[in-house]
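Paired with chain B in one complex and with chain C in the other, chain A is shared by the two complexes that follow.
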Partner chain A sequence: MEKVKLKLLYSDIKPELDMIEKELEQAVDSESPLLNDASLHLLQAGGKRIRPVFVLLAGKFGNYNIDVMKRVAVPLELIHMASLVHDDVIDDSELRRGKPTVKAEWNNSVAMYTGDFILARALEYITEIEDPKLHQILSKTMIEVCRGEIIQIEDKYKLDQNLRDYLRRIKRKTALLISSSCELGALVSGADLKTAAHLRRFGYFIGMSFQIIDDILDFTSSDEELGKPAGSDFMQGNMTLPVLCARKDQAIYELLKNNLQKDMTDEERLTIVKTIRNSSAIEEAKKISEKYLEKALEELSYLPKSSASKTMRKIAFFIGKRKF
Partner chain B sequence: MNEQQIHSKITSLEIEVLKAVKQRTLEKHTEGPSVERERLFFLLLPFLDGKQWSADIEQTAKTVSIVYAALHAHDQVKEDILASKKQQLTVLAGDFYSGIYYQMLSNMENLTMIKHLASAIISVSERKASFYDQVERPIQLVDELIQKNEIELIEAFYNFYGYHEYTKLAKAMLSYVRYENELKCLKEGGQSRILQLLNKSLRYPADPEAWLLKKLDVLHDQVLELIRDAKFDYELKNFMLHKITPHQHRAEQLTREG
Partner chain C sequence: MEKVKLKLLYSDIKPELDMIEKELEQAVDSESPLLNDASLHLLQAGGKRIRPVFVLLAGKFGNYNIDVMKRVAVPLELIHMASLVHDDVIDDSELRRGKPTVKAEWNNSVAMYTGDFILARALEYITEIEDPKLHQILSKTMIEVCRGEIIQIEDKYKLDQNLRDYLRRIKRKTALLISSSCELGALVSGADLKTAAHLRRFGYFIGMSFQIIDDILDFTSSDEELGKPAGSDFMQGNMTLPVLCARKDQAIYELLKNNLQKDMTDEERLTIVKTIRNSSAIEEAKKISEKYLEKALEELSYLPKSSASKTMRKIAFFIGKRKF
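Our next item is the complex of A and B:
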């Protein structure tokens, strides 16, 4: 149902998105049958394609030319894919979107080379755009994404971290790449700098909201809906917003503390998931997500009304209410 | 340039590379970036040989070394073991170094080199992945894949700046260094993907040590010939022979054979 909703939201740019999908397949084509299979495996696992969608929509605020836009939209998705395949090694994840991860299907080394290959393809592809500024923005974002992940590992199992640490982390981990997708889409289409700045901020706020919802869903969705065990974030030591909100209750704090860095049984995992799900933490986290959503919508309000801004608005609402 | 000056030029580039990729957490929990002096030597060879050189070229050489460090970090990720903090950060170290090289070249506005390096990384990754497929390859082909991976990134650098003349020598010498390291690993009872591949590709009875010793001899002869034919100055030739590829294995082999 949710996927159908998303498809409807994308209907204005469907032909272009279909083209991007084909380009993605071509981009991961490799002389190595193993890399070919691993990359296609990852690609065909699906995904929301939020980044290329925002590149294309942002491009509608300038001189939109799909042949130019795809040169940014495709690599942005590839960069995201490369980070996912490496993340699965970091998190030792067996499943992604209900399918075995590359590291589970093959092994860690194949996952590493697949990620390196996909990232290199992205850079090979995007260097067709000869604007150094674009590359400076993107490379800075890539470094910040890594810094965010490094900090995430440093902060693992730290139940007493503060909200600011969490927000800074998700900014780097998720929001910046979505923000850059919007900004680069605008810049490459020749939109004016003020428009590009509004779109960059829109992407940033949406990215923050998106990640918070993702973190909420990790507790509120079922294993089947998630395609992985619910509560995986906590099990891996990642203290997300619902946990940070829930720990204010002393009894929950004790429960969480007693289960940190421990091989949890399924029963213990589900107890934690249920406890957080039934606490006020979910509502509290949702409110913070909504604040970011409001800010994103405010940025959109500064832009000329168009079918692109309307679609962006709808996507923003979808992100705030999504269930997968 | 005398031996001391060559050493200090390499050291200075090494320090620059390490500075560029410095990151507190990575430094604390990983083995740190692998910056091999032999590779730095070959990146600097056109300069040492008196070819046209500039700060930009040196900066590009630095980025090539960073790409090697990125790929090396990912080679260190172990098979099928639970993700330790060190392992997790090693994955991120490789990604972080990749971001740094991209940023450096973007700031230099050298987009062509980004493309060349990306293409080289694709080829290297494809070859490394091929080490994991089930295809049986003859030893000659495995050897060629290994040697190509040693030179690919430096070759991209040479091609970009028109330093093609050094490719053959760099390939032979860096392959020599690679196989020498593999031999050392074998003698110490270690294991590596390359040793596994050699074992798999050599005909029964597989004797990787004998193959490595023979290969080192062949490569050393090749190196001698290439150096003899090149117009390097005496100090540079001497440095290459005695500091990059000192050949001890022939003597060892003779001793072994009685």
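Our next item is the complex of A and C:
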């Protein structure tokens, strides 16, 4: 449902996005049946394609040529897909978007190599871009994404971490790749450096806001809406913003502490989800998300008004309000 | 012991290799203690550094500049390291070169992300090379390496596979990265395309020979010499050349078949190792390795004689005779 609504916002670039979708399918094609099945399974599980969307929209600020833009849009989505499939191994996730994950449908080894393969394909795609600056931005982003994922392992089950630890983690996990999508889209289309910098920061702030909303939805949505059990983040040991806000209440702190790293029953899980949902933590987290959203909109205000900037603004508002 | 002897052959490029070693250490440095420990553990487990050696030697056929050469030598070793640490997850290996693997010392998740991180570092390094052709060769090689690893999963425990399946697997698993090391070393130093092509083929043939010897040693060496249990390949379901040669004997075929995908006792494992070691399979496999070695030497014969080609020849002979 939400995906459909979001796609309406993309109507300006619909034909190009359909083309990107076909390119993605071709990109993961290989001789190996196992690899094909696993990659297509992942691809067809869908997703918002937010990274290609931002690449294309950012490209509208320069000399937009879809044959050049796709060389950046496709690999950025592939890198994101590769990180998801590896993430599911770390988090031992059985479901993503209502479908079994690659690691659940096959196993951890297949998930690992499917991720490796998709990543290698992403790299092959991007080699067609000759500007070394783009490669540097992308490889630095990938390092930070990996670091973020390692830090996520290190920070697991630590109820007493700082807010700063969380923000640094989601920056690396989500915001940087969206930020780079905007920046690379601008640069590859030849937009000027100032425009590229505004778009990079827009992407960063939107990415932060987006991930915070995602982390809120893990507590406020139903299992059906999420396509996986609500409260999965907490069960997997990922201490997200709602948890960090909620723990300030001593009674909630004790409840969380007592359920850390424990095989929870469904009832225990739902108790935690409901407790956090009904606490002030949700509003508090939403406010932080909104601050990032405002900053994102401010960056847009420095750019010339255009159909692309209008669509970006709409996506930003949509992200702020999305329900699941 | 063997490593020491092999290093004597490298004496020409010893100072440069020491520098590469330091660069490798720097490359895996990060803020995360977990990532640092795992990466250094992997790096310090050693290895023959055969890929950097071939990069540097191939560079001697052009305009050798160590500051340029290292931009290729370091990432090729890093890519190899990343593939090793992911391989250990697939094969569920506890030991490598006599030391616990990353997945054994930590766990599969850490091993996966350590591999991802090291790979991202490799990519960051190589972005400093501006020639898109090099990036294309490298990304295509990486895709084939991934494919090889997926095929290795698909072919596991299949005693009835073709010799061709095995050869295709080791081509992707080992020969291509060594081949690309030679080719990229030549290209980055500005050697002419004909020279680069001979070196590429040299690397391919040496790589094939090298891997076959490795697979033979898994049966002919002792647990101590290998730094892991002899017969590990078979236990992990990897049907290597000695197995494919030995299975032609009906009695051996039955023995292997009965022990496939089974929790073998140490006695059962040693029975299989001894049976293959004492069969004609070892000689047969050696002959195939020697054929590749001859082809490698033939490629060298088309190139001008130099200190570098002499060292390459010595390494080739060494590989053919190595005991463990």
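The rule we apply is simple: the second predicted complex is superposed on the first by the 323 of 324 C-alpha atoms of A that agree within 3 Å, B and C clash if a C-alpha of one lies under 4 Å from a C-alpha of the other, contacts with A are read in each partner's own complex, and residues count from 1 in each chain.
Heads up, the rule we're going with is that a residue touches a chain if its C-beta (ideal position, glycine included) is under 8 Å from a C-beta of that chain, and two chains touch if they have at least 3 such contacts.
This structure is a prediction, so every number in the text was calculated from the model and none was measured.
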For this session: Judging by the criteria at the top, classify the pair chain B and chain C on chain A as clash or fit.
Result: clash
Exercise. Which partner does A:Tyr253 reach: the first (chain B), the second (chain C), both, or neither?
Worked result: neither
Exercise. What is the contact status of A:His135 with respect to chain B (first) and chain C (second): first, second, both, or neither?
Worked result: both
Exercise. Can A:Val110 be said to touch chain B (first), chain C (second), both, or neither?
Worked result: both
Exercise. Where does A:Phe318 make contact in the superposed view: on chain B (first), on chain C (second), on both, or on neither?
Worked result: neither
For this session: Tell me which partner A:Ala120 touches in the superposition: chain B (first), chain C (second), both or neither.
Result: both
For this session: Mind working out whether A:Ile153 is in touch with chain B, chain C, both or neither, as first, second, both or neither?
Result: both
For this session: Kindly classify A:Tyr302 by the partners it touches after superposition: chain B alone (first), chain C alone (second), both, or neither?
Result: neither
Problem set entry | Common ground on chain A, meaning residues reached by chain C in one complex and by chain B in the other | 30-35, 86, 89-90, 108-110, 112-117, 119-121, 123-124, 127, 130, 132, 135-136, 138-140, 142-143, 145-147, 149-151, 153-154
Seminar exercise, completed: chain B contacts chain A in the complex at 23, 25-26, 70-71, 74-75, 77-83, 85, 87-89, 91-92, 94-96, 98-100, 102-103, 105-107, 109, 111-112, 114-115, 117-119, 121-122, 125-130, 132-133, 193
Seminar exercise, completed: Seen from chain C, its contact residues with chain A in the complex are 30-35, 86, 89-90, 108-110, 112-117, 119-121, 123-124, 127-128, 130, 132, 135-136, 138-140, 142-143, 145-147, 149-151, 153-154
Problem set entry | Complex contacts: residues of chain A adjacent to chain B | 30-35, 38, 83, 86, 89-92, 106-110, 112-117, 119-121, 123-124, 127, 130, 132, 135-136, 138-140, 142-143, 145-147, 149-151, 153-154, 156
